[in-house]
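Each structure below is given as structure tokens.
There are two complexes below, and they share subunit A, which is joined by subunit B in the first and by subunit C in the second.
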Partner chain A sequence: MLNLEQQIKDAMQQVAELSDCQLVESINPDTQLLECGLDSLGYAMLVAQLEEDLGYDPFTELALDTYPSTFAEFLAMYQQCANNR
Partner chain B sequence: MKAGIPEHAFKPLQEEHLQLVWQWRNSPRIMQNMHSSALVKWLEHCAWFEKLKGDNSRQFYIFLQDQRPIGVLNFSDMNTATPEWGCYLGETNVWPGSGIMLEFAALDFCASHHQFSHLLAQVLSFNHAANNMHKVFEYKPLSLKKGGKRDGQNFDIQHYSYELKQWAENRGKILKKLPKKIALAAAHMQFLE
Partner chain C sequence: MLSLSNQLTNLPKTGVITAAGQHSSITVLITKAEQIREQYPQFYQRSIAIRYTNLADFVTALIAFDGCCSAIYLRPPNVTIPHNDIIDWPLESDAAVVDSIPPRLKSEAVDSVATTWFMATSGTTGEPKWCSHSLLSLTANTKHSQKLQALCWALLYQPYRFAGLQVVLQALLSGADLVDVADYEPLAQMAFLKHADVTALSATPSLWRQLLMTRQLSELALSHITLGGEIADQSLLDTLKRLFPNANVRHIYASTEAGVGFIVSDGRAGFPAKWLKDQTLTVALKVSDEQHLLIKPQHHICQSLALQTNELGYVDSLDKVQVIDDRVLFLGRATGTINVGGNKVHPEKVEQVLLQCADISQAKVYAKKSALLGELVVADVMIIDAKVEQEVKQQVLKMCKKQLQRFEIPTKINIVKNIDHDPSGKLNRKPQYD
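Presenting the complex of A and B:
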């Protein structure tokens, strides 16, 4: 079974292809979500795709102080949501 | 703490957000997609704001997400039938789909003013995200004009137009192509006085 980080990266690649976007060469923990190559629609599609793949949407389920800015924050939010289930 | 779909509102720019907008405008991420990539001095920014206040042809809104300022939406040529718009997200920790909200807001706002026939836009050729979004919303590409040089590379300026009477027909069709939560968020946007 793929780990969560890889699942998210795979979903990013899938969404990039669907939405005609080009992901940056390497997604690392500090990569800004707004600069990873996905546009706003791509980012929204990524969250929808992950909800389909994982069965949850942290943006809806978690009481967030703030939204994630980097890939590390995005991953941590999904990990927190997975742990809560 | 927030959960669920955030609320979006647009508030005319006032002094309280002037410094924030200046910081956004001078951040490398925003500057790179502007016509002019030069730093704006504080006094120039204040002078721009003073001029804006007395200019009926322009409107400049702060984009609020759950009451937090995250970007701007601006219109020019409001005294013509074909206003032009621009926008950016100043913050990076925003709800997924925030940029789409700006697209909806611009079209909804102008389509609700019946004196406008078309909404115009300009995007620098290397700004793939903005060009892609305009394509999704079915803007009509107009001319491609020479823009200049940025980081040693030539770039063009893509001009777009949207016939506003088409927006009423297209809005629902475009919403169907987007994630469902976008439709929920788009239903609750408001322009504040």
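Presenting the complex of A and C:
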């Protein structure tokens, strides 16, 4: 089983190809999500893809106080959702 | 009703428009508009289509032609004008205007014509549908006060679309300033919004979520927050209220076809169920037996809605609603139309593209709920030869990219063995989350 971080990165790559977006070369924990290369449609597709791969959608399941802004925050949100299950 | 030009002239103060770093004062645009009317007296009582180039020229054209031309068509890019007898503005050349009408030189003539405003919305087949409005109906909710005059509005929508025009008219007629950031990505938008000290912002829930992702939204001193174009959910309303406790947070129910319906400002999703019995509202509201919201606006109803209007004057909005306790909540479109971040997608149009693929025997396009964009487009297809599954998917995607806009392309294509039809033989396009 792949770790969560790799799964998210793979899904990002897959969505980028489908939605004609160009991902930045390396995505680090503090990379801004809005600067990764995915646009709003790309993100919505990513969340839908991950819901299919993982079986959950943190944007629906968690009562979010703030929206994730960096890759680390995005990953932490999925981690939290996985831990809650 | 006074024309846009005369209403602006009567204001105690008018604002400034900023687009691409260029500032234009409305006073200067009013003068430019007068010059256009004097230069082209033959436009009097003619129909004109305004092609969007930039915000200042667009606003100048609106000021020049309302009250002077019989009809104004707000023409989105790539949309052709509905008939040939319409002047195409800006003119390619002076020779483009065939003059058969005696000139009316006096600019006081402005106001003598009740101009019909036409706005385009996408139709089921992909052909645009033109909906008529008047300045009166478009500004039914526009207010003026000293407080509103001090605002700086941001324009995040295309101004030739209904929601964008609402922002433009509200800013103009309240004497407020207006900053155009419609064509930028969220991080760049944020930089412009901060630089301009924007205090009033109208956007779709999807755009609001994107601005929240920048984590810089709270750096703005917003006093007026408006959501529209999609269903406003409670968690987003709560987040915005938490960030801006003193702001006026409103969600607007409107459509290009029927105009502004109503505004909800109590911070809760949906609208109060008691409004269904309230006769004092500017629109009368009802819920049909099929759970559709019916609305009866005070103003003139566009001809294109005739088939959806009952004998009492109620228009079927085709929006599905559910009454829960004291609240009427929106569920989505009854027609199967998909709303991707405020962009309308007709499933029939997407299905037609999918069916062009020789290996696909049947296709069904429907909505999948998205916490970020409201809804996404998903397709189920039946293929003739199961061995070519991957090839079909790739081929279909290629065709979609050529013929559809990005938000219309299915985000997921499922190969299925069966596609449901209802007893009448129609496709059952119920959203995946129903």
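Definition applied: the second predicted complex is superposed on the first by the 85 of 85 C-alpha atoms of A that agree within 3 Å, B and C clash if a C-alpha of one lies under 4 Å from a C-alpha of the other, contacts with A are read in each partner's own complex, and residues count from 1 in each chain.
Just so we're on the same page, contacts are C-beta pairs under 8 Å (C-beta built on N, C-alpha and C of every residue); 3 or more make two chains touch, one makes a residue touch a chain.
All values reported here derive from a predicted model rather than from experimental measurement.
Novice: Record, for the superposition on subunit A, whether partners subunit B and subunit C clash or fit.
Specialist: With subunit A as the common anchor, subunit B and subunit C collide in the superposed model.
Novice: Would you check which partner chain A:Ser69 touches, where first means subunit B only, second means subunit C only, and both and neither mean what they say?
Specialist: both
Novice: Of the partners subunit B and subunit C, which touch A:Gln22 in the superposed model: first, second, both, neither?
Specialist: After superposition on chain A, A:Gln22 lies in contact with subunit B alone.
Novice: Which segment, 91-99, 199-207, 271-279 or 415-423, is the subunit C region that clashes with subunit B in the superposed model?
Specialist: Once both complexes are placed on chain A, subunit C clashes with subunit B in 199-207.
Novice: Can you list the residues of subunit A that touch subunit B in one structure and subunit C in the other?
Specialist: On subunit A, the residues that contact subunit B in one structure and subunit C in the other are 19-20, 32-35, 39-41, 43-45, 47-48, 59-60, 63-69.
Novice: Per the contact definition, I'd like the list of subunit A residues that touch subunit B in the complex.
Specialist: 19-22, 32-35, 39-41, 43-48, 59-69, 73
Novice: So in the complex, the part of subunit A that touches subunit C is made up of which residues?
Specialist: 18-20, 32-35, 39-41, 43-45, 47-48, 52, 57, 59-60, 63-69
Novice: Report the residues of subunit C in contact with subunit A in the complex, numbered from low to high.
Specialist: 185-187, 206-207, 209-210, 212-215, 235, 239, 242, 340-341, 368, 370-373, 376, 397, 401, 406-407, 411-412
Novice: Could you list, by residue number, the parts of subunit B that touch subunit A in their complex?
Specialist: For subunit B paired with subunit A, touching residues are 1-5, 29, 89, 92-100, 128-130, 132-133, 136, 178-182.
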